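In what comes next, chain A is part of two complexes: it sits with chain B in the first one and with chain C in the second one.
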Partner chain A sequence: MPVPDALEFFIDPGRCIGCQACIQACTECDTHKGQSMIQLDYVDRAHSTQTVPVVCLHCDSPTCAEVCPADAIKRTEDGIVHTARKPRCIACNNCVLACPFGVPKMQTEMNLMMKCDMCYDRTSVGLKPWCASACPSQALAFGTREEMARLRPHAKPVNTFQFGMQTIRTKVNIMVPRDSAVEIVDVTAAIHEPTIGHEMLDDVFEPGPDRGDA
Partner chain B sequence: MNGPARTTETTPSLDRETIAQFGPHLAYAKDDRLDSGVEPDKYVKTHCCFCGQQCGMQLKVKDNLVIGVEPWYEFPFNKGMMCPKGIKRYLQQAHPDRLLHAYEKDTASPGGFKTMAYDAAIRKTAGEIERIQATYGHDAFALLSGASLTTEKTYLMGKFAHMCLRTANIDYNGRLCMVSAGAGNKKAFGIDRAANPWDDILGADVILVSGANIAECAPITTNYVWQAREQGAKVIVVDPRITPIARTCDLFLPVKPGRDTALFNGILQLMIEHDWIDQQFIANHTVGFDAVAAEVREWTPQRTAEVTGIAVKSIEQAAEWWGTAKTSFLCHARGLEHHSHGVQNVMSAINIVLASGRIGRPNCGYATITGQGNGQGGREHGQKCDQLPGGRDLANPEHREYVAGVWGMDPADLPQPGVDAYEIIRKIDRGEIKGLLSLCFNPVVSLPDNNFVRQALEKLEYYAVIDFFMSESARYATVVLPGSLQEEDEGTVTQTEGRVIRINKAVECPGEARPDWQIIQDIAKALGREQGLTFASPGEMFEELRLASKGGIADYSGISYERIEKNFGVFWPCPSEVPDGVAMPGPQGTPRLFEPGSWNPVAKGAGPFYFPDGKARLNVTAYVGPAEDVDEEFPIILTTGRVVSQFLSGNQTRRIGPLVDHCPEPRIEMHPRLATRLGITDGDWATAESRRGNCTLRASVVTTIRPDTVFIPYHWAGRKSANQLTISAQDPISKIPEYKVCAVRVRKADAPPAYADSIEPQQ
Partner chain C sequence: MIQNQRGLEGPQDLDHGTTPPDGRPIGEQPKWRRDFPIDWAQDEYVSRRELVKFMVLTSAAMVVGQFWIVVKSAFRPPASLSPGLPIARVDELSIGGAKTFTYPEGSTPRLLVRTGAASFVAYDQLCTHLLCPVVPAFDEGRLHCPCHNGWFDLQTGRPVAGPPQRALPRIFVEIRDGSVYATGVEESTT
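For the complex of A and B:
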């Protein structure tokens, strides 16, 4: 059963309290027990208690899958990008290096890339993912867009991100202040950099027409 | 010179052997707990074993093993949310350190203890109680109990002390936690319970959080506060540190530790000056306003700023927001309460609530946030030194008569009120108490000035400990009896809102371990004094508790296990009978106190508050500074508290691998301005020293703390324990120790501490 379209994932970093409930919850996920797929960091502990949690954003056109030479990373039609398929993954690390959000993790002892699959065992049967279930401040939340609009009137969900010339649309939303414009800082606009000089990486940074879903 | 600090032990070799034998070792998930696709035999709906929020959760059980947890989305308080401790609590069960037998001290055995047959341990304990009481008198044997126990067990402990042992000396670890709030609430409202359910936080215009590190100590409450903010609430946080809840607040008041009364007096003075008070409410529903107004008159913004260390404009802004709000919620926790004037602090905070008139209505609330799992229920039914069930007083002849009637004994045989937990330790030190039994209490880690506590425990002729792990205090025991984990027993607890909820049993006790209440009853039987202590189940105890609490302020008589389960808990007071013409509480009991027109057994309809005239009390709160202020020799304030991944003395959480990994060891938190002056950089070893002890830990240099204050979390034992430094000064009314302020000096350490290479972080 696919993850229902109406239910979406929202990351609201302004609410994060750094408690690591998400990390502990992630290790309880039945698809990768004992391993957390979440990255949670202090931004600058010397000056603030601000922390930021990152789960997989589940790109429409996942860079990880695009750079995979073994075609091991699949995105199901409900938009979930899955852990590499064990028989195919050659543990080359391409996906780890290419992901703009730093999500995939290489499990060297298993020779396998693992990543957040939005608790597919739960979400595909209508349950919330573990991290968004547990998160005490609901910095990680799972529900409908309408519910979020009602509960968080000062924020809006964003799911389009610009990395150089690459525009990324994701299934997961990040909540940003409603009234401020979303600034896309395009570093490449200000630097002299016609090409990186490596064909494969150049391609990644091209705004590429219709690559379609993997 | 104020005399040298007492020397402290440096992890003697016996301690290291005990650690090797009994831990704390770390447990991680393995086998059925780690494998994917393992189907549990059952899901048990229950609550967390840790803090006072008591989040609803389901335990996944397979073959008498708790293999994990599953959110309980329907439970209304937390709706499936859990903090890291709740998610990993299952790793405490079937832990390699779990005590499976009774033990007796034997220095020749590895770790200093040898196993002992359960029956022999019970006989020995009963024999020693008999001997000590016969030789030195009834009061020479003391009990220390705890507020992480079910209410049934706390009721039993009170009955065991007062009816079976007839000792005056029983007290509990809520003495370190909730008592300032309890005393302040009784003096102002006549009742000791959160005034409102947490839903009242949602929709409040202003939320004032005072001395509550909500994000780390009551994580689920964060969502209530921040949801209110989404709906337009302004959040004011009073704390010497920018904790995660303070990070995005609308107004941060960085109070100098120990000066809270001055702040609230200053706010009240501005409210009066600007007529931001509810004159009608004050006139109709309170007593004492004029005296309080006279007391706070001298607290000008300037003077308040000088004493509290908070900028004048911030104090004025707080007073304006609070004063002009239409609805509001004030909550506080140990930051306000852990002081030698904790009750004053609490009453000064309540004064600004009462002056605003915003209480007893939707979105108009006040609460203390309880610390321990049963911080509320554990302080109601007779394990406090001056208390009988139902929130009754041991010194009150009518109360004695009622409870003695329920228990079938002569009221004259009930002891008079005893002394508080720390005074019990002092009495042990002075030789007035010779024997001790403790349950759910780890005084060696949790009491202040714990070098003194250790010395005292060594003087006991007999010390019996009931515990599921060999706690640091159990190492001082003559006999250790293997008790029960929360998931191995059933009963009720009362969570932070005053909601009575069910703890359901998930697994059986392993080995020779027993539910704690059976151990207590076994001792009573071995003493030949089992009358009234022959309950067959916690359910039977609850039925008697209903009767014993009936007519008291904490009236549970209308609550049953079935009613709790049907309604996701029942808020007390919930009487089984009310006078004619008075409405019975609804199925959920009484979620909100002090509603206009509400009835209670003290006011009998005269008003909503629990005094004969039905009116609340504004209490004069003269500012008194901390017991030990800084001086030239000890120029820095030390304050202590918690981290999110550990709980209390760490007896449970320092054995759970993933929680220890989050924060393996305590650090001394300090501002870079202070660190620079001391020549300390982030990560350096630093030594903090007070008049009572010293402690060498790594420094954490952050701008999120006042430059005149350092912070150390208190969950660790031995040479890492913050309580080597803290002061045993206590509030004169509540007897809470002053954990939140003492004077220290800090310097860069000469060398890493001896423990760094010899024991693991959690040990």
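For the complex of A and C:
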């Protein structure tokens, strides 16, 4: 049974409090074999408590499946990209390296790539994914677009991303400020900014006073 | 559904849900991309598990079917001792003469052969090889199937030459008051 079209997934990093409830809840999903598929990114840990939960965005043209040499990664009719099919996956890590969002995880003990499948056992019967059920601040939310517009008057959903030359449209939405002009989220925009914790490393390797804002 | 929405958007992939990154229609894509679609519905390869499941279930169904046949034949009701159906008068046939009849009503054609002054035999007329009608070859004491040159013994119905492997089903007949009655059909022994 496919996931209902009306129900969509919304990520709102601005609401994330870094409690890791989603990570714990994710392991409870029956299709995840006890593994957590969520990654909680710390944006700049030395200076900020800001965290970003990363679930699979379920691309329209999934790069992980494009690069799979074993034809193991499949998408169902509702647009959900699933964990690699166990009989086919050769644990080559191509998908792990190719995904613009760093979603696929290689489970070396199983020789299987596993990834967020939006808790397919739950969403395909109309329930919320575990992470969206557990998230106390609803940074991960699952519902209709109208519901989201009513609950988040200051945010709007965006589902187009830029990764280098590649434009990616996704099934999952990310919330941006409603009055901002952002229509496309550039995944690699921060790549030219100083690395996280750079001051500390700079101190160790090159204690010059002019290295701070490289 | 993603697939249907795409189908409405453009004519490029009505029967193929996968949209390649460059957006060109699927017909213009390299062969490997057409061979390995991303969408589950277009994936035609049978997985190992599906093959094993199919083979196990098919084998199990055949085993169950065999047992069902055994049980069914064990509970088959015995041939009814019907009062008999008159099929011919004795003086209607000369010795060596033959006549077709049906018994019970609506059956396949049966063949009655007079083999002596007071002896008749009757068999199903359909050859047990490929269901051609057999004809009596009285002088040789046999029944002949001309299709593939099959031969049956006239007295027993057993195959004696040619392709048939099984005996013709026998019809029991008896003579009462100058008439020949069919009284039963021999159960198949094979």
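We take it that the second predicted complex is superposed on the first by the 181 of 214 C-alpha atoms of A that agree within 3 Å, B and C clash if a C-alpha of one lies under 4 Å from a C-alpha of the other, contacts with A are read in each partner's own complex, and residues count from 1 in each chain.
What we mean here is this: contacts are C-beta pairs under 8 Å (C-beta built on N, C-alpha and C of every residue); 3 or more make two chains touch, one makes a residue touch a chain.
Remember, it's a predicted structure, so these values are computed and weren't measured experimentally.
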Contacts of A:147 with chain B and chain C, given as first, second, both or neither: neither
Partner chain(s) touched by A:2 [first = chain B, second = chain C, both, neither]: second
First, second, both or neither for A:137, with chain B first and chain C second: first
Chain B versus chain C as contact partner of A:34, first or second or both or neither: first
Partner chain in contact with A:45 - chain B first, chain C second, else both or neither: first
Partner chain(s) touched by A:15 [first = chain B, second = chain C, both, neither]: first
Contact footprint of chain B on chain A as seen in their complex: 14-21, 23-25, 27-28, 30-31, 33-34, 45-51, 128, 133-138, 151-154
Chain C residues touching chain A - in the complex, by the definition given at the top: 1-3, 17-21, 36, 38-41, 43, 45, 47-49
Complex interface listing, chain B residues touching chain A: 28-29, 34-37, 68-69, 71, 73, 80-84, 86-88, 215-216, 219-220, 222-223, 226-227, 230-231, 242-245, 247-248, 644-645, 658-659, 662, 672, 682, 700-704
Chain A residues within the chain C interface of the complex: 2, 5, 60-63, 65-66, 71, 73-79, 82, 85, 87-88, 166, 171
